[in-house]
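Chains: A, B, C and D, in written order; residue numbering restarts at 1 for each.
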Amino acid sequence: MLELRKDIFADERDDNLKEIGKGTQRQDMLGHVTGTSSYFNDHQLQGMLHLKVVRSTEAHARLRLIDTTEAERSAGVRRIIRGSDVPRNLNTLLSLINFGKDDEPSLAVDKVRYKGEPIVAIVADSEREAFEAIAKVKVDYEPLPAVFDVEDALKPGAPVVNETYPRNTFTYHETYDHQKLRFGDADAALATADHVLEQRYQMSPIEHAPTETNGAIAAPDTNGRYVVYTSTQALFFSVDTCAKILDVPSNTFHFIGGTVGGGFGGKVDTLTEPLAILGAMLTGRPVRYVFGREEEMQYGPPRGAERIYVKDGVMRDGRVVARKIRAYFDSGAYTRLSSYAAVKCAAHLPGPYTIPNVYGDVYCVFTNRTPATAMRGFGVTAMDFAIECQMDKLANLVGMDPMEFRILNAYRDGDMKAHRREAKNTALIECVQVAAEKAKWPIRDEFRRASSRKDGGGSRAVIPPTPTDSHARPPAPAQQRTSYDRLPPTVTREPPRDPPPPAPPPSPRPAAPSHGATRFSSVFGTRRR
Amino acid sequence: MAVIVKTFASASEAAGALSSDRGARYLGGGTLVMRALNEGDVSVSTVVRASDQALTRIDASGPRVLLGAGVTFARILAERDLAFLHAPARSIGGPAVRNMGTVGGNLFAPTPYGDFTVALLALEATVAVQGGFGSRDIPIEEFLQARDRQAGTLVLSVSCTRPASSEAFRYRKIARIKPKGGSVITIAAHLPISGGRIAGARIAFGSMAPTQIRARAAERALEGRSLDVGTIAAAASAAGEGTSPADNALGSAWYRREIVGVHLRRLLSGQE
Amino acid sequence: MPKIPVQFRHNGRDVAIFVDGGTNLLVALRELIGDMTPKFGCGQGGCGTCSVLIDGELHLSCLTLAETVAGRSIETLDGMKQGPNLHPLQRAFADHFAAQCGYCTPGMLMAAKALLDRNPAPSRAEIVEAISGNICRCTGYEPIINAILAAAGGRASA
Amino acid sequence: MTRHRGRGIASINYPIGMNLGGDPSQALVHSNPSGKFTVALSSIDLGQGMKSVTRQICAETLGVPVEDVYVDTADSDTGPHCMGSFASRGTHRVGNAVMAAAREARGVMMEAAAEELEVNAADLETDGRGNIHVKGAPHRSISTKDVAIAAQFKQGKTISGRGIFLVPLSDVDPETGEMSPATCYAHACLVAEVEVDDETGEVEMVRMDSAYELGRALNPRLVEQQLVGGAWMGVSHALYETPEPYYPDPSHGPRDFVEYLMPGPGDICPHDIAVLERPAPDGPFGAKGPGEMCANPVLPAVANAIFNAVGVRIDDLPITPEKVLRAIKSQGGPRPQARR
């Protein structure tokens, strides 16, 4: 049951609109209820071949030998694709916005870093024949010690998961193994708080579980182009990722998608398109690559696990005066999007509250598990869980009603947020008030009268003196660059004056050609390789 | 190579084909074999079927009930004379799976599947099988213990004695998801009462061991006693004895051991 | 290997196809008949997106060996419309916004039809039971249950 | 007494659009000679209602009925660039792009109408039913169809518009984390009521009451779809879902929908929702985005309700019956807190 509370913030809206605000039927509803909405897999193409991949049975292993001799002779097999057949067999999704280093092959070459990592792709006349050929591929693994826990992965001597990041952490600002947030002096405030509460929170991975699994159909089109029907959630992301991996101009492809059987973040990674297109390129035939359900559940990327430590200082009157957070994103074996989630998570601290002293360290950590990716609430869901459980505990600690406790600490218009931007257009207080009303949860008058538009700003708008970790701050980025910029940098920067800690001895690089040209990170304004 | 499908008019011919071909699997309702094919199980190269009407026979008129191996759960639910088996039949899958899945197939379904078999185990059913050299009857417990070696055998039917009263047979599947969820634990209890005392107590568990098992310690605690609070408590505390549950996606061994007695107690005392 | 001929009724029309051994009904319907309304969701019998009616009974087409439907009557969502008009269930699903991504909708509608064909006035509990083999990841089921209740002439609950 | 009820709350905010901005989306709008409009996007509809909400935005901006607009999504040959459907960016980013394109198209349409009616375009208004008329003089009117025909075949004008929306990319300060992660935030507060079985650790949802602030509910039915489905997903995340049930041990991962746990239709509970609208200054008609945040408050609200019911804190998701039971046992039994 949904009720529109038009009475609240009515003075900020023009409600006299003709189409906006109406519960108009969905444009796609007729298609949905008649089953005529067209998903990627509803495109039937003559002579379509089927692609399946051989997946690693080991979580971490060197590949001594990949023997496809018998599989090549298997009935119905049209083509076997190995890592060396992939034009640029190393990529990272966010290279499109120049964030991070290429760290993930389409098909593993020298090493596998998670159980289920694709090693060989087989294109055959039927799915059955592809499965039969898969059973005939022999892979000789030399198992390596694996690491599955984010904090274990950070310990000295931990197995190196991904040689691109030899410390098992993503590198931020070319210097740090985590993203920082510093606002005020959390340690000083904790020292004088009436109560200090430190807790550990853990969120396990989550599978997106869309009813339609990931997949794509690629087919040769006229004039040297390829048409690609895809379940992607991000069409140009996929187009440009495929153009990079397959080393062709992006207008080689005509991508068609648009109606997708659920995504929730699990269809951003461009997992099936590059190999489907490569299969079509190598065979000249339409090729379909669609995940089975077990494949989707086990090797489709999950929302990564997060471990979060929260240390809060609260006063007897219920004011939270300090919040210190250490969070670890379990990225799995490759970066995908977790690096970005960590920054988003840092920006989200300390939740929708005005807390004068906030300290955050957020890590993106590599482990030997299925690479994680975005999911509904990316970078925030687990942190909200931690913060809101913590808020409940703090309210309990000081003997306050949890609703009133939240209203007391809620951010209001004009307050300074920990990422140093003024809070505007806030409405947390009103949400708490209305939820209380709906749930018949009594709150006292002064809290019923509170407003997001009152009592903010002033002393709450001040950026407090903030100690930083480094004595010499690197200069501010010299220039903003647009996203999608893969040109060499036109600006150079001074290296940070404090040299970064020495890196461990270099690990063997993948044998695959590295094509990661020196690029400019538009996000962090630093050179990347 | 496409899969070869062989359809036979008689169960014995099908059994012969099954026992002579290591790559052959018998197709009942399809919920196991078709899934294996869809998922790329290349060990299945031949699918054997039988159109023999004996396989879909139900004989529920007398005290001894016989169900052909090909009888679906939906058919059991449609049969008023099989009311005592309705709860276990209803606990299988959703409606489509109940329209397809069969009594015979359920005997081979690995954990977390195979709930109907738990009921059959508590009822001490007999499994009629046909191998390459003729047919024979096997007590269900023996059948389950040797199940992994039964690949080449065709199940023809199962039979069991009807419980004396509806009170005497109880069944509960503990699932996380409602109304259709995989089994955390499945419990079936057959407690015939004679002269106010339990005579011939049979308790069976699913998901408490690699296959469905009898809970003999709990049975002993019930045997010869009246079904009162004390007896039920004794049975509940003995429930975990002799079980060897495993961790799986639905629950851990620890959890199963912790709650098996709680659920047995609730089942025996008629609690929700 | 020779293909196997199979004849059956598809939404009231006689069809004949040739299948490979082991071909399931879902693939046969989609790739050989061209009826794209049943969807692949798992191939395991766990999601119900491929649900069809066989002789009026709800079945999972992905777990049905195609040649076993010889001589039988298959209904899919493709045959649900009544001439140019939507079936009451289709109308109710639309009115209740009971679809988001739409991928589970064909299977849900077939499960609902199987129920209403036998039980025109089901209770909420019976509806819940009837769709329990069908996974929906978008809607939270509530609008679907309400749509089926409405189609059956019942009242939607909150 | 083995079952205990408890209530818990959580309140949250959520940033709209890709963190740090820098995530443009484009839209093209054009009319055909019958005065029907097509919106060309490369954006994706994965069930959230992208096609439907942008259609309404386009119709409102053009001043034509929604039936006169059709949204075509996700064709890389015809749809201009869009970053994608994620980060709650669809309504806000794509909606703004469509609005800009529709505004430009409307400008041409009004000019063409002005030429036909021989008045100044500034004196014209749309009636939202497919006509353009002189303000205050509804009889001096022309249909959009006639305008489209005139523009196409007489005036040689294309009634079309291009739109892009870009929140400029923000830097991140390495030392302080200073940044501009988002331009607007959605808000929510949710109360969950649960029943906990102290002998089995099973948690049953009893009901939910919530308030969501979304800027503007452009289509309340679509918003309801998101909030109802999203809260279900929140319950699912709170109590059921994980592909690694023994994380960080990766074994025993589920392989199918029986082993991967999500609440079924028999596990859902009543959910009473209020929607508040504080328009985002830079949102299309003030809209933010309901897509992602709706699941978030459910997880902690459920955890807090379990504490209220039996006095145990489960800080490790998902909150399985096993975790609840272990916690109850280790504290020596349930400790129901003051009823709320």
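Everything that follows uses one rule, which is that a residue touches a chain if its C-beta (ideal position, glycine included) is under 8 Å from a C-beta of that chain, and two chains touch if they have at least 3 such contacts.
Computed from a prediction, not measured in an experiment: that's the story for all the values here.
**Q** Looking at B-C and A-B, which one has the bigger number of contacting C-beta pairs?
**A** Counting C-beta pairs in contact for B-C and A-B gives the edge to B-C.
**Q** Name the chain whose C-alpha centroid is farthest from the C-alpha centroid of chain A.
**A** The most distant chain relative to chain A turns out to be B.
**Q** Where the centres are mean C-alpha positions, what is the separation of chain B from chain C, in Å?
**A** Whole-Å distance between the two chain centres: 28.
**Q** As a quick test, compute the distance in whole Å between the mean CA positions of chain A and chain B.
**A** Distance between chain centres: 44 Å.
**Q** Compute the distance, rounded to whole Å, between the mean C-alpha positions of chain A and chain C.
**A** 35
**Q** Determine the centre-to-centre distance between chain B and chain D, using the mean Cα coordinates as centres, and give it in whole Å.
**A** Using C-alpha averages as centres, the distance is 46 Å.
**Q** If you look at chain A, which of its residues touch at least two other chains?
**A** Residue numbers touching two or more other chains: 1, 25-26, 28, 126, 128, 209-210, 259-264, 292-294.
**Q** Residues of chain D touching 2+ other chains?
**A** In chain D, 46-47, 49, 221-222, 224, 228, 230, 233, 245, 253-258, 260, 262, 264-266, 270-272 touch at least two other chains.
**Q** Among the residues of chain B, pick out those that touch two or more other chains and give their numbers.
**A** 1-3, 37-39, 179-180
**Q** Touch graph across the chains, line, ring, star, complete or other?
**A** complete
**Q** Using the touch definition from the top, list the residues of chain B that touch chain A in their complex.
**A** 1-3, 37-42
**Q** Enumerate the contact residues on chain B facing chain C in the complex.
**A** 1-5, 27, 29-31, 34-35, 37-39, 47, 49, 74, 93-97, 99-100, 179-180
**Q** Hey, which residues of chain C end up touching chain B in the complex?
**A** Where chain C meets chain B, its residues are 1, 4, 20-24, 43-45, 48, 51, 57-60, 62-65, 67-68, 111, 114-115, 128-134.
**Q** Spell out the part of chain D that touches chain B in their complex, as residue ranges.
**A** 199-202, 240, 245-246, 251-255, 258-267, 320-322, 325, 329
**Q** Where on chain C does chain D make contact in their complex?
**A** 42, 44, 46-47, 97, 100-103, 127-129, 131-132, 135, 137-145, 158
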